[in-house]
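Shared between the two complexes below is chain A, which has chain B as its partner in the first and chain C in the second.
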Partner chain A sequence: MYICFMSNSKLYKGSLTTIILKLLNENDKMYGYEITQKVKVLTKGELNITEGALYPALHKLEAEGLLDVEVAKVDNRLRKYYKLTENGTKETVNKLEELAEYIKTMQALVNPKLA
Partner chain B sequence: MKLNKSQIQDLYAFTRKHFVEYYDLQTELVDHLANDIENMWTENPKLCFEDARDKAFKKFGIFGFMEPIEQKQKAMGKRYRKYLWQELKQWFRIPQIVITISIFFILYISFSSEYAESFSVILYVLAATYSGYKAFKLNRYYKKRQDVSGKKWLLEEIIFRQASATGLVLLSQMYSTVHLSNGALTNPYLLLVACTLFTVLILVSYISFELIPNKAEDLLKETYPEFIV
Partner chain C sequence: MKVNKEEIQRIDDYLKKGGIKYWDVRLEMVDHLVSDIESYEGSADFETLFKQSLINANWHNNLKAVNTQSWKTTNKIYRKKHSKEIISVIKDPVNLLFFILFYLGINWIAQSFPKMLKPLFFVVLFLPFVIMTYEFIKSWLKKLGRSVNMDYGFFYFSFGIFITNLPIQLIPKAQQSIWLPIILTLYLIVMFAGYRVYKYALKKVLIMKSVT
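Let's turn to the complex of A and B:
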């Protein structure tokens, strides 16, 4: 089962992996909570990644060898950071290309004049 | 305002109460809840810890921590199968392939002989005794490790407990052989398939009962390098 991770639109479903990879590509390493907050800030609250969907996605990417992890002690507790592996960096390029292609196709369908 | 050590311990207990048994996942979720609580406190410093914690937990949705737990189990199962496959491949390379072929021929000769039925019963009893003994020993060893560390690691549990499940598969298949040997294995193709299957099952059992548990420490270090102090 894959729950809808965006509270506001089902259209974004399926892009979670791309969003995570893209953010990690730009930020070297990030932890789970930071990712949810970063998305909220970047989209001015338009997108909201739910916790119940974020961690399964991160663990799946880690199992696929696209993410590497490291743990650091921060404020009385341990924090798990994620960063892209070499394969993860390549996959980010692929995923972004796929997304761009998708947007182009949708543009051609919904607004042929702009395409 | 930051959470103190006792509140962090409370969050660990909270994750355990919500069925998160494994330390690596507990640690990640504790940090997440802690961050969210601290974030809530910046906006409302008067909010009590328990209320903030429950609010943070509610954001995980109606299934709570179940989704992260399930995905973690899937991911770790996949990793274990990868280790198993890596070991199995070794048995089809020189020099181990000599042993693999020998097992296959011993099974083939035995199952095609007139003593096939007696042989299958002996094989079944031997396999049952070995599997039962190893499963018991690994389980006891796992409990001892738990008592010492006080922490649960998913891969560790799979290594020391999954072996028993593999043994059971082998036993159930062997039991079918006892029946198959009553004349059904006179079909040469069926005999070849059965011998190949049992050769692989014997190897998988040996790998999961002996080789992988013996390498457990290295595999755990490889899987959880971030937690090595």
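Let's turn to the complex of A and C:
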């Protein structure tokens, strides 16, 4: 399973990376559970990122040099925080532009009056 | 509900027994489950909340599959990293010059002193292997435990040995002086990229270990 959505999941597939980058762009650093909860709150429960999709995506972004990892001890356990690197910040801008362009194109196709 | 040290250990043991072999995979899973349990503000007991948190994360009956998925994902990441490192090694002008000179040198020896080619071949083949053994012992002494990052770091470090083995056996004797310098140069490039991948894995693991 990729991302679990209350509505049509196929429409959201492929946007996980953009979601993660956007959230990290707005917050200095975040950990896995925090990201899932933030997405749930922001989308009012409409979008639920599964753990099986989130962690591999975070690790992939880290390997690509877009995220940096910081490990901290929090209440008797270790926590991995993720934050954007300089390249990650640049990539966020690109990804958001790509997404905006995609939405604009889709709007022109589906609802020409709004576009 | 606040989760205490013993309960955290109980979660870690459960994941380990369930099939999550790697501590660097469990690290994030434990934090995820504990965060979920702690987000509950009611008065339920730990075991009930723990079971619920496993269900919430969809880890309640498929830990072995989660473990398999984690090494598959890690392998994919490290494979990609290894390919990128090979390209980056070749793109670096200093490295490129070194490998060109190395190839020309070996080629010259192969043509001028053919008898020296085989011993030289084994020296070049063996040297990265010695470094790899040294690194393996060094990391073993550091007691880094069963780590998915270290497993794949080492795998891609040794990758050059596996992929060089087959073409060497297929070369006809008469063509050894032509092909061995090429294979040796490619072997060094792949091994050097593998060494960088290994160093990346080690750095990652040491960051995590430094906090424990």
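We adopt the following convention: the second predicted complex is superposed on the first by the 107 of 115 C-alpha atoms of A that agree within 3 Å, B and C clash if a C-alpha of one lies under 4 Å from a C-alpha of the other, contacts with A are read in each partner's own complex, and residues count from 1 in each chain.
By our rule, a contact is a pair of C-beta atoms (placed from the backbone, for glycine too) under 8 Å apart; a residue touches a chain by one contact, two chains touch by 3 or more.
Computed from a prediction, not measured in an experiment: that's the story for all the values here.
J.: Figure out whether A:Glu51 sits in contact with chain B (first) or chain C (second), or with both, or with neither.
T.: Both: A:Glu51 reaches chain B and chain C.
J.: Go through the superposed model and pick first if A:Ala100 touches only chain B, second if only chain C, both, or neither.
T.: The answer is neither, since A:Ala100 touches no partner chain.
J.: One more residue to check, A:Lys60. First (chain B), second (chain C), both or neither?
T.: After superposing on A, A:Lys60 lies in contact with both chain B and chain C.
J.: Identify the partner contact of A:Lys73: answer first if only chain B is touched, second if only chain C is, both if each is, neither if none is.
T.: So A:Lys73 only meets chain C here.
J.: Could you tell me if A:Tyr33 is touching chain B, chain C, both of them or neither one (first, second, both, neither)?
T.: both
J.: Pick out the shared contact residues on chain A: the ones touching chain B in one complex and chain C in the other.
T.: Overlap of chain B and chain C footprints on chain A: residues 31-34, 37, 50-52, 55-56, 59-60, 63, 69, 71, 74-80.
J.: So in the complex, the part of chain A that touches chain B is made up of which residues?
T.: 3, 31-34, 37, 50-53, 55-57, 59-60, 62-63, 69-71, 74-80
J.: Of all residues in chain B, which touch chain A in the complex?
T.: For this pair, the touching residues of chain B are 2-5, 8, 24, 27-32, 34-36, 39, 59-61, 63-64, 67-68, 70-72, 74-76, 78-79, 226-227.
J.: Can you name the residues of chain C that touch chain A in the complex?
T.: It is residues 2-5, 8, 27-32, 34-36, 39, 57-59, 66, 69-70, 73-74, 77-78, 80-81, 204, 207-208, 210-212 of chain C that touch chain A.
J.: In their complex, what parts of chain A are in touch with chain C?
T.: Contact set of chain A toward chain C: 1, 31-34, 37, 50-52, 55-56, 59-60, 63, 69, 71-80.
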